[in-house]
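Two complexes follow with subunit A in common, the first pairing it with subunit B and the second with subunit C.
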Partner chain A sequence: MSILLQATGLNKRFQNIDALDNVSLTVSRREILAVVGESGSGKSTLLATLAGLQTADAGRITYYGGDRPWDIGDMDEMQLRRLQRTQWGFIHQNARAALRLDVSAGGNIGERLMMNGARNYGDIRETAARWLDEVEIGRERIDEMPLNFSGGMLQRLQIAATLVTSPELVFMDEPTTGLDVSVQARVLDLIRNLVHKLDVATIIVTHDLGVARLLADRTVVMQGGAIVEHGLTDQVLDDPQHPYTQLLVSSVLPS
Partner chain B sequence: MISYNFAYLDEQTKRSIRRALLKAVAVPGWQIPFGSREMPLPYGWGTGGIQVTASVIGETDRLKVIDQGADDTTNAVAIASFFKRMTGVDITTRTADATIIQTRHRIPEHPLTENQIIVYQVPQPEPLWRLIPERPVAMRAHALGDYGTMYVKLYEDITRFGRVASAYEHPVMVGDRVLMSPSPIPAFDNPKMDRMPALQLFGAGRERRLYAVPPYTSVRSLDFSDHPFHPGRADGTCTLCGSTTSYLDEIIMDDQGTRRFVCSDTDYCSERQDAKEVTP
Partner chain C sequence: MTTSHSGPLAIDAADLHKRFVLHLQGGLELDVLRGANLKVQPGACIALVGPSGAGKSSLMRALYGNYRIDSGSIRIAHDGGMVDIASASPAEILAVRQRSLGYVSQFLRAIPRLSALDVVASSAIARGIDENEARRQAGAMLERLRIPAALHTLPPITFSGGEQQRVNLARSFICDWPTLLLDEPTASLDPTSRDTVCDLIAEACNRGSAIVAIVHDPALRDRIADRSVRLENGATLEEIPA
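For the complex of A and B:
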């Protein structure tokens, strides 16, 4: 598999805390990579840095999508914005904050298309309708305000609004954390199906090892801003080598 | 007795506003911050427009002030009498006779010329404000010319009303570069802004911003390729002058819902009525 995103030697300090301590990783095309660790281990910082939402103090990130390799640090703001809204996607934990609650479901999905230059109302609407079906909300709800949607529906709407441009790489920050357990299963199932159907590479941050096991091909474990263990998900979770990973795995309640 | 300076504002203030206006003319549509002063009327009543007018008016100017197209409404009368007292210039209601026209909510029907300046009163200069509440984020969008978000509003309009139909304040692109609010004029008036021979100045007193559209600058209303911009006009005829092309106000006549349409532009309407009385 060819490499899609490569990060080397990322460092980020917040005052006297090392949020990222010499982090390097790669993601291949069509691969799902889970980043696990406890709160404050630096996983969300890592995700935001990889996605270009904040800059690292040191290190480089290279993206091998499109027609040539891009060094994220060398891109100007408009190039980065274009990359983020065409070939990348970002799914936030809190769908309420990411969506426009006073704009119809169709408008929310259409926004990304319009930001990329779509100027035909009929086409935008048809694409939005198709995606509402795809995420099991149903096209008949295209003109409803997300204000009335349940948490699971909001998250599915955010997924539709992100995947609508068929990105190559999607960053997910705890996409199911705020949801009810039964709803979590449905959203995870949807993510797994869509990601495989669309051949999109995914970096998913989670503190839930079950999510990693369900979705991820590979898993990296973070502690104190550093990657302490990485490997195939089954290998990391079934045969943890690092004491911290062993602690994480053993602290999962038996189901 | 100590009298006020010509046009109320002191000369230093007028100079600072003129400097901002020069910047505004140099970058068509771009919002320029300025040191908006306290004026002897509340925000929302045209403090921005008054300061712009006060900075450009001279002793030989003839001023026309309109509110919703009419010269005889409270806001228009108050501002006109203010300038009468503070400058002594002639006040006119005839669009063709005026050198400066301060307006709220309308552009006169009579085409403007190179010898005229039109000053708009603007409540909210930022066209993106409902979509991007954070001003610094909106400014980055302006800097990058990244305006796709604005279409979300148009999408919602079509979805709810069936057409691109913000009845007023329909966003425009100025010089194919800057997204601009035309101020709360009806969409009907938007086409008049395009390549207008007169200088167009916009003042927002509370928001402390002003902007400008120099003469003969392209002003394009945003739309979708399959839903072209449609300047809305009530389908009716003016009861007073018989105009079938002017922008109309609807007047409810009685409790039975009888309604009549009359021209919103009172000067245009009375000119047509006068012409009729002579010709028959």
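For the complex of A and C:
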């Protein structure tokens, strides 16, 4: 498996707190990597840093997806934006904040296509319709404003609006956390199907070990800004070795 | 071990040691494997026997790369060579699991919303079988394990324990695994289903699969196993001619 993204020695301090403490990791093409840990463990900071949404105090992030390796820290604003909207995607926990609620469902999907150079209105509309079917919203709702969509529908719309351009790497920050339990399974199942179908590499941050179990090939465990354990997801969850991982695994209520 | 082998092996595990350190219990140490060895040739079915807590499931999980061992080697036949699961990278372990090494746990870990047919077909699709053909084979395998057609489109979460175990078995037996690990494959099955599983095991061995099964029932062991390996206190002790 060839490496798609490599981070080495990331450090980030907020006042007296090590948000990132010498974090290194790799993600290969088509691989799904889960980052688990409790609130405040640094996992969302790590994701935002890897995605170029904030900068680390030290360390290096290299992306191997383009025509040549890109060092994220060396890219200017324009280059980074371009990478983020063409080859990357970011799915936020709060879909309401990520989408434009005053633009139709189809428009939210079409916008990303247009940012990637699509110009033919008919093609854009047909692609948006197909994606609304794909995420089980239904093409008949293409002209509806998402303002009144349920939380689960909004999240599915965000997924469509992100994956429509077949990015090579997608960052997901707690994509099912704000949803009702009955809706979570549906969104998770959708993510699982789509990432496999599109062969997209994914880094997913979650505090839910069940999400990691369902989706991820590999899992890293974060505590206090540092990666304390990593391995195949089933190894980390069935044979946890670090005290903190053992605590996380033993804290899950069996269902 | 006193048995000598000639020819290629499907599994060659030597001197496995595994210690759990339970940090939440004040660092309590549990030695679950203390010198376990296992050699299995293609086409052979080995029964793992021994009292509860002897390390049978731990050994099986170690063979699958699920438990990370502290020392020893676990060589598994893969793509014409041998891969040491104990030192392989995560990507290598996943490749071995995708093409060469199957594992049927005692309990089905069902995926929400996925129908029984899709659960079974997905393992064949993952091994490169065409989707329509995989679904056809999945239906046939579920029928053979007496899961009625009316249930095929339902997610197995609602199924009985025995039905879930049969879905789990169908998912593995639909593929022609070079090596297959079975953790109590017939624990909650009725006699008819048990007969079917015995047939499936025999057919797989005839095709050259190496099978390791945890089996408590002596009668079942005599039916399926070429030989038995006994575990006690985490160590393989002897091999009893079946």
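Convention: the second predicted complex is superposed on the first by the 255 of 255 C-alpha atoms of A that agree within 3 Å, B and C clash if a C-alpha of one lies under 4 Å from a C-alpha of the other, contacts with A are read in each partner's own complex, and residues count from 1 in each chain.
The criterion applied here is as follows: contacts are C-beta pairs under 8 Å (C-beta built on N, C-alpha and C of every residue); 3 or more make two chains touch, one makes a residue touch a chain.
From a predicted model like this one, the values you see are computed outputs, not experimental measurements.
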Let me test your reading of the model: by the given contact rule, A:Met115 touches which partner, first (subunit B), second (subunit C), both or neither? first
Just checking: does A:Gly106 make contact with subunit B only, subunit C only, both, or neither of them? Give me first, second, both or neither. first
So, A:Met78: does it touch subunit B (first), subunit C (second), both, or neither? first
With the two complexes superposed on chain A, say which partner A:Asp199 touches: subunit B (first), subunit C (second), both, or neither. neither
First (subunit B), second (subunit C), both or neither: which does A:Asp133 touch? neither
Per the contact definition in the header, classify A:Arg186: touching subunit B only (first), subunit C only (second), both, or neither. second
Return first, second, both or neither, reflecting whether A:Gly231 touches subunit B, subunit C, both chains, or no partner chain. second
Residue by residue on subunit A, keep only those touching subunit B in one complex and subunit C in the other, then list them. none
The subunit A residues in contact with subunit C across the complex are 1, 28, 31, 185-186, 188-189, 192, 213-214, 217-218, 231-232, 234-235, 238-239, 241-243, 246-247, 250
What residues on subunit A touch subunit B, complex-wise? 77-78, 81, 100, 103-104, 106-107, 110-111, 114-117, 119-125, 143
Touching subunit A in the complex: which residues of subunit C? 20-24, 61, 65-68, 90-91, 93-94, 109, 111-114
Residues of subunit B defined as touching subunit A within the complex: 131, 140, 144, 146, 148-149, 151-152, 155-156, 158-159, 224-227
